[in-house]
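Okay, got some structures for you below.
What follows is chain A paired twice: with chain B in the first complex and chain C in the second.
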Partner chain A sequence: MSANGYEAALHGVTGVRGVRGAMVVTGSDGLVVAESLMEGIKGTAVAALAASLAARLGRAMDAGGVGSGVFWHLQAERGALLVVPARSGMLIVAVAEPGVNAGLVRLELLRAAESVA
Partner chain B sequence: MTGGTRAVEAWTLEPLTTFVQEAGVRLVLLMTPAGQVLAQSGFARAVDVMSAAALGAAIFASTTEMARQLGGPPFAGLAHQGEKHGIFLSPVSTDRGPVVVLAVYDLGATSLGLVQLFFEQLATDLRGASPKASEQKQVLAADFERELTDSLNSLFGR
Partner chain C sequence: MADDIKLLSAQLAQDPHSLVFLRLGELLRQKRQFDLAQRVATNGLERHPHLADAHDLLARIQADRHDYEHAFDEWDMTLRIAPRHTGALKGLAFLYFKVGDLAQAESHLREAKKIDPDDPAVDQALAMVRGGAPAAERGSAEAVPVSAEVAEPIPEERVFAGLEGAQEGLLLLDAAGQVLGGALKSADGQDATQAVAAYLAGVSQEASRTAKLLGLGGWVGLSAEGPRGNVHLTPPTQDALLLVVRDRSVPMGRLAVIAQRAALIARRWLERQV
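On to the complex of A and B.
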């Protein structure tokens, strides 16, 4: 897949009202592959920390015997972080406002994950 | 190869300690581009520090020359990843002069993204803490061995 292809995969996610940005991140390294972010969001920091969190969550899920994660949603005071891992090991990450339609974002993240798998 | 964090130049100690804790790296060297060690973390033996400093300085010199031949400024950083470990090498310009940071990390404990992220903070902290460059003194062969021994003693708390 080309760099443009990864960026195109994010269009559906960033089109959802309340989404402030989306990224494709390498799960193992926490590096940004493609991003579409509003000003003020530090993509490299979000990518590195989200990948680290995903790795730790993965270990916790393994230890708990519940299988691998397919979607996670972290709700914070001023926003939310939503992540779907792709089969290739990439992570599709969305940064959103607190009142975002999480179901719709999840759907678009899953679509993006399918297209980058 | 495991040990604590120690510095020959005290101003580097706090930024380095924070970096090691935040980034989760296993080994770190702060050195001049010539390979003179300013601080280290994680090394248990002086011979390992000297080898890593010599190799790190050589890699830095090679990539700097490569960048020069390409007609650009020196590279901002170099990352090399293996199956279990990765290395990250990058310079920081400070008032004391350029400082080269060599970090070795375990892939199971941290990631290149995190190392790069906290390296930015390390660079800011080092710039904030560095003293003004002192006058370059002439290096005499007679002093060299004594200074090297003093530095290694500081780095390993002897």
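On to the complex of A and C.
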């Protein structure tokens, strides 16, 4: 898939009200493959941390017998980070405001993950 | 016990070469004063480097501190010095059991039984390793009775007493991934507590860094869906991490509510420990 193809996959995610940006990130090393972020968000650093967090959490979930994560949602005081892994190992990441419709973002992330799989 | 510790400390001070450090270190270990116990054992070992019991003592302290790598080295050294040391054989069996190497665990226990056929702890541990233990005990590495945490259940583990899933789906950790309370079982009933705790050790720090970098403030929760269950992580205090695991029938929103309730209990419990 081309870089344009990855960016297109993110349109549905960034179209959800309250989403400040979205990225496609390699799960293994946290490199940004495509991004559509509002100004002020440090994409490369967020990608690296998101990948690292996903890897740690994935190992813990595997060890706990619930299987690798299919969706995770980091909630913070002033916003959220939502992630869905694609079959290829890519991560689809969304940065959102606190009151975002997390269910809708999840659906769009899953759609994006399907299209980049 | 406190008087004994004072008495033995005085004896050791009078005669630093005395073997009384073995009893003193063991008493301190039983009182869970691990820093002191380790200092006593290490000082004793400096004076008696070829004393198998001293290596065994240090190994037991390290095992209680979850420093399994060093505990392994010390029990290994104990056996090099005294190949028939049943304490070291049981200790190594415990460590092998913990990492899931049941064949090695059983082999060490069989060796211990040959040397001391009347030791009931060995029979109990063998039954556990062979899967013959009662269902309630099966799968718990701690049930291999070689360390203080086995022989004397620590009250801290009752932090979630009375809460649903206290022994299978709630886990409270410190910042270093050490278990403070609760327990976790995998879908097939195996004890997954230590493995999950180890993997989660850095998650709190990573979540905190990610949230800060994004200008999102402090993180309040991390929920995740897996194919066979849902999990929710939350930091009840800055230095602790709470994990709640439920099967997929419990929706994420309800899981967050359960986690909030457990976090409140954990916070109160942690405050009482200060």
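Here, the second predicted complex is superposed on the first by the 117 of 117 C-alpha atoms of A that agree within 3 Å, B and C clash if a C-alpha of one lies under 4 Å from a C-alpha of the other, contacts with A are read in each partner's own complex, and residues count from 1 in each chain.
Please note the rule applied: contacts are C-beta pairs under 8 Å (C-beta built on N, C-alpha and C of every residue); 3 or more make two chains touch, one makes a residue touch a chain.
Computed from a predicted structure; not experimentally measured.
When the two complexes are overlaid on chain A, chain B and chain C sit side by side with no clash. When the shared chain is aligned, chain B comes close enough to touch A:L31, but chain C does not. Of the two partner chains, chain B and chain C are each touched by A:A45.
Rounded to the nearest 10, the superposed model shows the Cα centres of chain B and chain C diverging by 70 degrees about the centre of chain A. Contact with chain C, but none with chain B, is seen for A:V95 once the two complexes are overlaid on the shared chain.
Once the two complexes are overlaid on the shared chain, A:A76 sits against chain C while remaining clear of chain B. Superposition on the common chain A brings chain B within a closest Cα-Cα distance of 10 Å of chain C.
On chain A, the surface patch touched by chain B in one complex and by chain C in the other comprises residues 45, 49, 52. Interface residues of chain B facing chain A in the complex, by the touch rule stated above, are 81, 107, 110-114, 116-117.
For chain A in complex with chain C, the touching residues are 40-42, 45-46, 49-50, 52-53, 56-57, 59-61, 63-81, 95.
Across the interface of their complex, chain B is touched by residues 25-26, 28-31, 44-45, 47-49, 51-52, 55 of chain A. The touching residues of chain C, counted against chain A in their complex, run 184-188, 190, 192, 195-196, 199-200, 202-203, 206-207, 209-211, 213-231, 233, 243, 245, 252.
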